Structures are given as structure tokens and as C-alpha cells.
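A, B, C and D are the chain letters, set down in written order, and residue numbers restart from 1 in every chain.
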Amino acid sequence: MAQSKIPVGILGATGMVGQQYITLLNDHPWFEVRYAAASPRSAGKKYAEAVKGRWQLTKTYAPHVGDLMVEDANDVSRAVAAFKKGECSFVFSALEMSKDETKALEEQYAAAGIPVISNASAHRWTEDVPVLIAEINADHTDIIPLQKKARGWDRGFIAVKPNCSIQSYMKPIHALAQAGYEAKRMFVNTMQAVSGAGYPGVPSLDMIDNIVPYIGGEEEKSEKEPLKIFGCIDGGIFKNAEFPLISAHCNRVPVIDGHTACVSLEFAGKKPSSMDEIKKIWAAYKGLPQEAGLPFAPKQPIIYREEDNRPQPRKDRDTDKAMAVTIGRLRPCNIFDIRFVALSHNTVRGAAGGGILNAELLKHKGYL
Amino acid sequence: MAQSKIPVGILGATGMVGQQYITLLNDHPWFEVRYAAASPRSAGKKYAEAVKGRWQLTKTYAPHVGDLMVEDANDVSRAVAAFKKGECSFVFSALEMSKDETKALEEQYAAAGIPVISNASAHRWTEDVPVLIAEINADHTDIIPLQKKARGWDRGFIAVKPNCSIQSYMKPIHALAQAGYEAKRMFVNTMQAVSGAGYPGVPSLDMIDNIVPYIGGEEEKSEKEPLKIFGCIDGGIFKNAEFPLISAHCNRVPVIDGHTACVSLEFAGKKPSSMDEIKKIWAAYKGLPQEAGLPFAPKQPIIYREEDNRPQPRKDRDTDKAMAVTIGRLRPCNIFDIRFVALSHNTVRGAAGGGILNAELLKHKGYL
Amino acid sequence: MAQSKIPVGILGATGMVGQQYITLLNDHPWFEVRYAAASPRSAGKKYAEAVKGRWQLTKTYAPHVGDLMVEDANDVSRAVAAFKKGECSFVFSALEMSKDETKALEEQYAAAGIPVISNASAHRWTEDVPVLIAEINADHTDIIPLQKKARGWDRGFIAVKPNCSIQSYMKPIHALAQAGYEAKRMFVNTMQAVSGAGYPGVPSLDMIDNIVPYIGGEEEKSEKEPLKIFGCIDGGIFKNAEFPLISAHCNRVPVIDGHTACVSLEFAGKKPSSMDEIKKIWAAYKGLPQEAGLPFAPKQPIIYREEDNRPQPRKDRDTDKAMAVTIGRLRPCNIFDIRFVALSHNTVRGAAGGGILNAELLKHKGYL
Amino acid sequence: MAQSKIPVGILGATGMVGQQYITLLNDHPWFEVRYAAASPRSAGKKYAEAVKGRWQLTKTYAPHVGDLMVEDANDVSRAVAAFKKGECSFVFSALEMSKDETKALEEQYAAAGIPVISNASAHRWTEDVPVLIAEINADHTDIIPLQKKARGWDRGFIAVKPNCSIQSYMKPIHALAQAGYEAKRMFVNTMQAVSGAGYPGVPSLDMIDNIVPYIGGEEEKSEKEPLKIFGCIDGGIFKNAEFPLISAHCNRVPVIDGHTACVSLEFAGKKPSSMDEIKKIWAAYKGLPQEAGLPFAPKQPIIYREEDNRPQPRKDRDTDKAMAVTIGRLRPCNIFDIRFVALSHNTVRGAAGGGILNAELLKHKGYL
């Protein structure tokens, strides 16, 4: 069976997002982890050895992954050799280096013929790199042939996913935009889980009987990345959308997984006739992942809960393989048009799971 | 020494806010707790006995309070008798009954000649009852003679304090308004401590690895009470201010004490020239409590912290006897004019401490 | 397919343990929930309606359970009617009444011909009722014919499971006893999860920045129940074992699920030659559930982890369907012979999952 | 006023224990912080600057401390110069270096004439260095002249305090020993606060919905240090006591401050006649700090609480300036003689506060 699956590699395989990729791919119908690379500190060890005492997840890795020899992620030639042996058709990048180092290294992989599906933020503002949320801008993959051509790359390319903080509110506003109700301005207040900061990450002295009303760089990402995702390809590069204008405030709260966002939204033009109309739009919302039946696609990307005290991270984050967005508390806003609360699992939908869905989309489109 | 202090009573003395009143008054220079009333369940027991196993605070009650016989709060005649014996000049109400019961009972005390300084929400929308934040609307005490006259009350009256959720953002916007920068519209997102819900209050199953994006009635209070506080007396009753228009989202987070608010604010007319000007306005802000040197008044009502990750509840809530508001992260807003984070201790400044400061104000004004 | 499964009922179906039963039975190969009973407050509502806003678990109930009409658990005749219609072959009892009420009501069900597999503590000290841990004392089911005969019951009987606090240390000491190393004396210190107290259960004011070194009745159960489980049938009733003598200290800690126990153990006679011998004994340990391949049986009942900082509740509680015990830190004791830390999921292995495994055992033995 | 106080220095002044020293000494009647030293990273900055963004405590430092220029703790000559200027009569060591480095550096200070009162573990097993708990072994200061002589030190010497984990149970067993009831064997299970690991210390991913049943080196310290404290001076060095034999299990729990210990104790010979006798012994317990009225001495070193669910860290740790031990749940043990739960504040009594009390003792004895 293994032979018929596409062999994939994980860069940064021992880190927290790397661990998520590996467990989520345990039984994937299309992909199989056959290559693991990490920092020089882990290189040369078996994967099981490299993560011993550092494993953060409840689920564990598949036995065959435990036996993989970890390679040095800085050494692209190792991945090329694995590619030639049929052990690494493309890589998921969960690198935890500086932005500049990540940017350069991911380009080296792509130049060497290894497509890179990245979780890192390094290439999100590279003009010809798509930032994909599979339900929203599947057509942004159209830039890949242009990217390859411009870079002189043959088989390799780079595609990335956006920041975990925006996952919960992008699909609901996209659903409304598709129905003719464009968002003009938004206030977003996030309460984000500690897993977003990796391990060791946030000290417990900051998260017991406390919250921290600041996450470095997070507000900027939450405000700007949506504009690229809602943008379009123009002359071989992405042109940002002008709207919605977003004002974000990002907080760290004592939650393991699951980012919650309180949203107030103003429509640009036409407004929905009622809260019920909005709920119907959300319930009916589907994208290419649903239509194509991609393995990691949630059946229903947006779940609305009628209870007045939901969504809650611990209770709702795992909905539909932790890939669905859960929304609640839709109500009129005193200042803008509507208010609601949205929740998304930050290390699954917002990280490794979102990356896998992007890879499925790219495979479906014929790029992998 | 005790004889020279004003004897006060606590209604709801065994509950969480009642406990706060009692510990905060332990060494008060003006007031001394000489009368404690609670539900019939506690009545007839010594206070020490009544709170045994139910005491929630780190600090404990003064020995003489432990020896007080708890009276039935429903029986106003007991307070009147205590008044006649010189043991109860006025009462702090921390009653935990239904709104209607509280409203009626507080009126009975006032009618019987016992002034009521209340923490309860019951009378906040009674037209001739002032909702006091001592730094902001000390002049609202001017309604007391009118209230007494209209009600036919001789010595008694009712004055209340607003909800704990608004304490952190009212003083900063009042300071700006006084400086000529009126707030027109505000988005407020609160992250509120569990002590606000009393004991047993919020179940731990909801507060471990979780937040709850809803607190019943809290958003309405956060949006409406400021309008009364910024209002004026007109024909013997209060007339609300028209602004600021507030859109509030209130969340419960795993914090013991300290409500945090993320605020985005739009000015009505003139705008401050810079963030520095705003910080100077806040630093210089003072009200009657500071000018009169009231015992519970924070020296500086608004403390600004320059660190990018403050205020934090555990680290900042106790600033200046837990009576100061701590602010941080002042920065321009993408949509409105400015953004900031504000923090206030909900059971001290937002409850018992605020009530005591109101009593000090009323004493200073000659009403007690 | 549903027809070929055994129809089961849940008493106390809307409570926390009831919810666990229902989700755990979602895809059970042998049993199917066809009958749900709860307090009169829920009776007459559809199950989905009855649990709305009170659902505590991440997983949800099967659609057909949501459609069940909840019956009044006090009305045994409803269960008898369901039995006659082929909708309730036996019941899992997760009743949350007083001990005396539970005891009487469970007897009524058994007398009416409905076998009761109970989570409640009411019948644990009834002389002819077995307290089952399926791997340890499967032979205690031999009392069922005697119980039926003595009570004059035809089809019904009562079998119970022990307290959740003892699950983590019973199997390790049983494994050693089977290998010839009987436990004589034990110090046990538990750190127990809040889910053990149900909902609302432990207030968050007690579990943020705090622990509570007391759980009512828990130490007594932890010390005494093992003696019945290690006992034998003698003259139609159970005779307790004399050993091990246990001294338990039970604490509540801010953990959602998973009870941890620190154990110091003294052997009665022969002692294992080394820590490695003990680990081998634990690794090889199997009971009837494993031999018979019962659906809920963990493949390996005892998992030993070599890392020095495990087991940890959040990371290890879900091992093997949350039915395995995880052990770590085996080392010599300064006073007794050995020390170790053991962990078990309290609401799965220690409650509903353990009850289901008991039912599987009873079905396997021909009693259901 | 400052001139009449003894000027003291803090080594490791910017770390967590250093911060505690500085706030606890804010208004000390005898000592005043006039010298602050830390790692080279902080050296050359004003203290206020050096701790900006790293301050962990609710209380803040005195203004004059904020203005101190931080020196390099490795450069003993700076402290000597300060001594000569009358700014550093002795130092509190809260160094956070390796054990060997700390050991050597503390000896350099002592050799240079600066007495060292240390929180570090480096010298706890140095044969001629006393490990002091002021109520228990004040007479161990008698070794100081011998230490000075053997080392050839003139004015300097080294005295240390024991590990924070043993503070809660040492005084209760000392009180019983003094009354004639010597402890022979003890099982101790600690549940320790995260502040014990410093900042950043324990990751929040390990402390949300989790506990960790291991703290490196802590069990060894908890078992061995009591033997030195209960030992005696013999030939210029300490000779350990033989008893009590202790078996410790140390756990990390999600608590900010306050270590809790569950203790089972066996007496060596004579046993107390009743639980009440023990409570009376504890209530009457006093040591030299109480008799001499040392400023940091708790009035009553051991507080017993009768409620069945106390002590609790958040509610009891701050008792009597956080210097008292709180005990509860005294009851017979099934195996040994008695069981109880004890609590002590780990960063005050167990660290800086304990160090200050030791300095007061040494001043009282004429060594400072």
C-alpha cells in the first residue's frame, strides 16, 4: 500500500508543528511521511530518538516514522537524494529558523526541484507566492506556473498558508462576500492558545491566573494577510484587495489549542436581511475542497452553534477533524452591522492540517 | 478609637463582595464594621461561624467582626435598632438576591433612615439614584436631596456603583473628555475574571484549557451604564448622555481577579495631537477623591505602563491598593482613532473598594 | 445492523458520566443505546433537547440518540416496557442520586428483570454484588447466579465498578501479585481531575492558582475498595482480602481528565529482583479482556514510559482509547520497596469505559 | 534614617529570587539594599532598566533601588569597593549559575570579607557551612567562628538556607521532636508551585490541564537536607542526624506560589496521646526568632486550620507575611502514626524571606 502513496518530507519535523504534521499524516490516504529533516542537533538520530522527551501531542507517530533517520534540514542535497530514491516527492516546511534563513532555505528546496508547502511566515509577502486557504482562494494556485517560469524552476515551487490567527474569521467573511455581502471594516479581538507559540513557548508564570494582551507581530499579520488572500493575480504577481480594513487586537490566554476571535463587521454595500439569512449562508458554504472531496476537507467548513455561550476552545476546537470553524453569538452590532465569535484549531486547521489540505488541493490541481 | 469612627453595616456580609468589604474596612480611618447582615441561613451565628469554610480571600476579617452576631438582612428593624444603639450609621449593600427583591429591600432600608451604598445592579436604572465613579461624577451626589424629598425619606437615601466591567475604561475616556477630546464610538472587548461571578460561580470544567465568550447581561451593562454616568441631573432625575456609543463583547477567562478591556476609540470632534499627549493627560488626571485626599483614593487614578505586554491581571491588578486603573499598548487604530488595553481590579475597585470610595465621597460631601 | 446489536439503556443519561457512556457507545460493535432515562426534569424531552447547553464533551452523541425520548429514571416500568419492545436489554447506571436512593432504585431495576451495570458507589459494599475490574477479578462474576438466587431475581442482577481513584494502581499491583510479589502495604497520593466531581462540580475559584488537598470520601474508598476486589467469594458473599493495607491521600488538581497516583509499595514476601523485572511483568500483564479480545479492552493494560517526567495527565490519559494505565518513574523507595507514578483516565477507564468493559465481560461470560 | 540601617547587597538581583529579596527589603527596619549585582548582561545598567519587562512580582522595588547601578556579580572587587564605601556590609546570594560556579564565587566573596547569606544549593553540603531554618537550628551558627578559622577568613563567612520543598514539614516535625516525639520515618508527597523553577521556568504547555510528576533533584534534596538541619556540630563540621528516614515524591502543579506537602509520619519512640495534643504542640511552638522578636519572624510559626479542605496554596500561602507554615487535615495514618498536609510560601519563607530571617538571626547573634 505504501508504494502507491506519494512520499512526503517534513522540514522541522521535530518541532511542534512538525509533530502535528507527522501525526495528522499517520493514516493519510494519499501521502506518506518518508523523509524527516530538522536542525543539526537532531540530524543523524532516528526520529523516535530525536523527539524523545520532547513529544508534545497526545497521539504518537507511526512506527515507520519513528525509524526514519533525521536529516539536516539545511542540507538540501539530502532531500534531492531522497527524491531520487522515491522517498520525498515534496516537503511540508515547519522550519523554526529566522525569517531570512527560512526564506532562503525554502527557495533552495524549490530550486532543487522539491515543491515546498510551507507553514512559515517567511514567504507570505513574496509577490509570486500564493497564501492559500483552500476553500477561499484555490484559484491562487494559478500563479504556480508563473512562479516557476519567473524563477526558472522546473519542478519545484513554493506555496504557503496564512497565520493561524485569521483562520477563524476568514471563511465566515468569505462566505458572506460570495453571497454578495462584502466586508468593509472589521474589529477583531483574538484570544489565542499557547500552542501557537511552540514549546517551551509561553512561561506558565504568565499563564496561571493571567492573560497577556500582546503577541509580537500577530496583529500586523491578522490585519494584512487577509488582503492578499482576497486579492488577485495581476501581471504574474499578487495584487492585494483593498478591503476589509481590519483592526486587530491579539491576546494570549491559558488555552492549549484553539484561537477564538470576537468580530464586529461592517458591510461595504448590500447587507443581509437578517441573522437567519447569514446563518443559512454559513451553513451552505462550500469550497473546492468540499466539492472535490479532499481527504482533509471538513464536510461543512462553518458550523454555527445556537447556544449563547459557544464556541469554546476546549469543547469546539476538534469539530470535524479539527478542520471546521465553529461560530456562535451572531447578533447585531451597536456600531457596525453584525457581531459574532469564531473559533478555529490553531495547530490543526491553522497549521499542519491547513498545510495538508493545501497539499491535497495542489495535488488535485495537478501541481504535485 | 473605635468610638470616633462611623459605625457601618454590611448587607450580604457573608458573600464574596461582603467579605471584600469586611477585609478592606479592617483598618479604615473613618469607618468601622459594627453590623453584619446576611441571609436567614447565616442569621443568628457569629460572623466567624457563618463564613467558616466559605471564606474566599487571602486576608481575613478583624477579630471584632468575627464576633459580630449576623442578623437577617431581610429584617430592616434589626438595622434600625443597631442604628439607635450607634452601631450602624449606614450600610454597604452586597445583597445577592433577585433584582426585584434587592430593589425593594434597599428602599426599605433607606425609608427606615439607613443610607444604602450599594454594589447591586438593582437600582442602577432608577431615575433618581446616582451611579457613582467618584473621580468622574462626584456632582451626581447632588441628586440626593432631591431623591430624599421625592421619596419622603428623612435620613436615608440610595447611591450605587456601576458594573465592574466598565471600571477600566471609564476613567481613561473621562480624562480625555475633560481635556476636550470627547469619545464618540468605542469597541470594547473584555476578558473578565471568575471572581466576578461569585462563589461557587464559574465551574472549573469551563475554565481549565478554556474560555467562555459570554457573560449574561454583561454586554448590555457595559454599553449602557456609561451613558448614565456621563449624564446630568435634569428635573430631579438623570438624563443620559448620548455618547459614547459602545459595542461590547464580554468574555470569561481563567483569571482570579482583574478585568482586562481591549478598547478602540473614535473621538467626536477634536483629536489629541499624539499618543504622548494622551499619556500626559492620563498621568495628570485627578478627580475629587484625589483632591480631597479620600482614604481609598488611588494617588494616581490612571497608571500607564510602557512595556508592550502590559497590563496583565496578575501583575497589575493590585496597583495602589487595587484602586488604580492600569493602561498599556496605546497606539493608533486602523479604523477608529486610538487603541489601548485597560485593567481594573474587579472585586476591589470594581466592587467593595469602589463602594467604600463612594461612601468616602458621600461623607466628604456631608451626606453621611 | 442495529438489529443485531444488544439494545442498552443509560440511567442518568444526561449527566456527565451518562454523556460519556453515550459517546463511547457511538460505534460499539455489540451494544447500541436505545433507551435513555434521567431525572424528571429531563423526562419527556428528546435527548438532544435535554442536554442542550449542558453537553460537556468534545465528541457528540449519535443522531439516533439525540432523537430518543428521555424517560424518568425513577419509573422502572418504562424500562420494562422498553425491554419488552426489544429496546433495553440491560442498563448502565450513572445515576446521580443519594446513595440510598440509588441503592433502592438499582435493586428495583434488577428485580424487574433488567441487569444493572453500575458506576454508582451505592452497591459497592453490598455483600453479594461484585466490584469488577475486568482484568483483575473477572471470576467475581461467579457470584451473579448466587446473587440472583438469594434475591429471587430471574433475569436481573447488579454488578458495579470501583471508584475512579484506584484504577491507576490496582492493575500494576495485581500484575505483581500474579507474578508472586504480593503487596503488603502502600502509600498512595492521588492528584485527581475535576471531571471526577461532575458538572458544575469544582468551582474555578478553587482551581486557578490552587489545589485542594481533600476530596470527601475519596480516601476511604481508595483504601477499602481494593480489599473487596482482591477478595474471594465465600458462602455466597464476598470476603475481603486482608492486604494491601493502604494509606491514601487524595487531592484535587486543575486537570480536566486523568487521575495521577504516586505510589510507594512494600511487598509482603518475595521481592522482585530488579526494576527491570517489574517492567517486564507489567509489559506482559494481560487479563481475560485481552485474551477474549473484548472490544473495549486495551491491547496492553499497563504501558510503562521511560521518560523521567511521565506519566502526565494531558499527554498520557488517552492512551489506547483512554483504557490503558500509564506508569513511569519506577524506582526504589527509601522506606518501602518500590515507588512509581501511575495514571488512568477517570471518566473513561475509571467510569463509563470501565463500565462498558465490565458489560463486555458479562456478555462474554453469558450473563447478558 | 537610611544611614542607621545596615547596607546590604543582592547577588543575582535581577532574577526571580533577587526580585523577591528587593521587594521584601523595601521597608526592612534593619537592612537596606544599597548594592545590586547580576550577570554581565545587566551590569552597567540602572536596576530599573535591567529588570524592565522582566519584573515578575506584584509589588515593585523601592525608588532608590531602581536607581542603583547594577554591578557584575562575577567581579568581587566591586563589592569590596562598595563595602569600603559603606554600601555593602554583607550580601544575599540569589545567584543563578551552575553549582560549581556558585560555590566558587560565594567563597570568593567570603574570602574578600563579605559575608554571604545564600539561597543557592551550592554550599548546602559543604561540611562547615550551616543550613539554617531559624526556628530549628539557630545554634548551627556556632560553626561560623570555626568556618572562618579553618578557611582563614577574617570577616566573611557563608551561611545558607535549605531547599524550598522542605520548609512546610520541617517545623511541624521539629515541634513534635522538641516535645519528645521524634520522627523515625516519613512519606512526603509535594505539589510544588511553578515559581520554584524561576522565569521562564516551566512552559505553560506543561501546566495547563496537566501536572508533571517530576522535578529534577528535588526528591534527593527533600530527603537529605533535613538530616543536616537536625544534625550537630562535631569537630568543626556538621554530622548528620540519622533520622527521619524520608521518602519523597515531588510534583509540579499549576500554582504560582506555595508548596504543599502531604505527610505520613511514624514516631521513633513515644507517641503523642491524641491529635489534640499535637495541635497544642504546634500552636505553642516557638523558636529563637519569635523569642528575640526578629522582624521577619512569623508570630506563630505553625498555624493549624480546622477546615477539612485546607491548607490551600492561594488562600493560605500569605499567612503572616508569607512566613508561617499552615497545616491541616491532621489525622491518624493507616500505616504510620499520623498524616497531615502542610503548606509554605516557596519564594518568601522558602527563599528570600527565609534568607532575610537567617540574616536577622546572624545579626542578632552578632555575626553581621
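Rule of thumb we're sticking to: a contact is a pair of C-beta atoms (placed from the backbone, for glycine too) under 8 Å apart; a residue touches a chain by one contact, two chains touch by 3 or more.
Quick caveat, the model's predicted, so the values are computed rather than measured.
Shared contact partners of subunit A and subunit D are B, C. Chain centres here are C-alpha means, and the one lying farthest from subunit B is C. With centres set at the average Cα position, the gap from subunit B to subunit C is 48 Å.
Centroids of subunit A and subunit B (each the mean of its C-alpha atoms) stand 44 Å apart. Subunit B and subunit D, compared by their mean Cα positions, are separated by 40 Å.
Residue numbers of subunit C whose C-beta contacts span two or more other chains: 56, 206, 208-209, 254-256, 309, 314-315.
Subunit C contributes residues 52-53, 55-58, 208-209, 256, 307, 309, 314-315, 317-318 to its touches with subunit A in the complex.
On subunit A, the positions that touch subunit D within their shared complex are 56, 194-195, 199-209, 254-256.
Per the touch definition, subunit B reaches subunit A in the complex via residues 185, 187, 189, 191, 206, 208-214, 216, 223, 245-247, 249, 251, 253-256, 260, 262, 264, 308-315, 328-329, 333-336, 339, 341.
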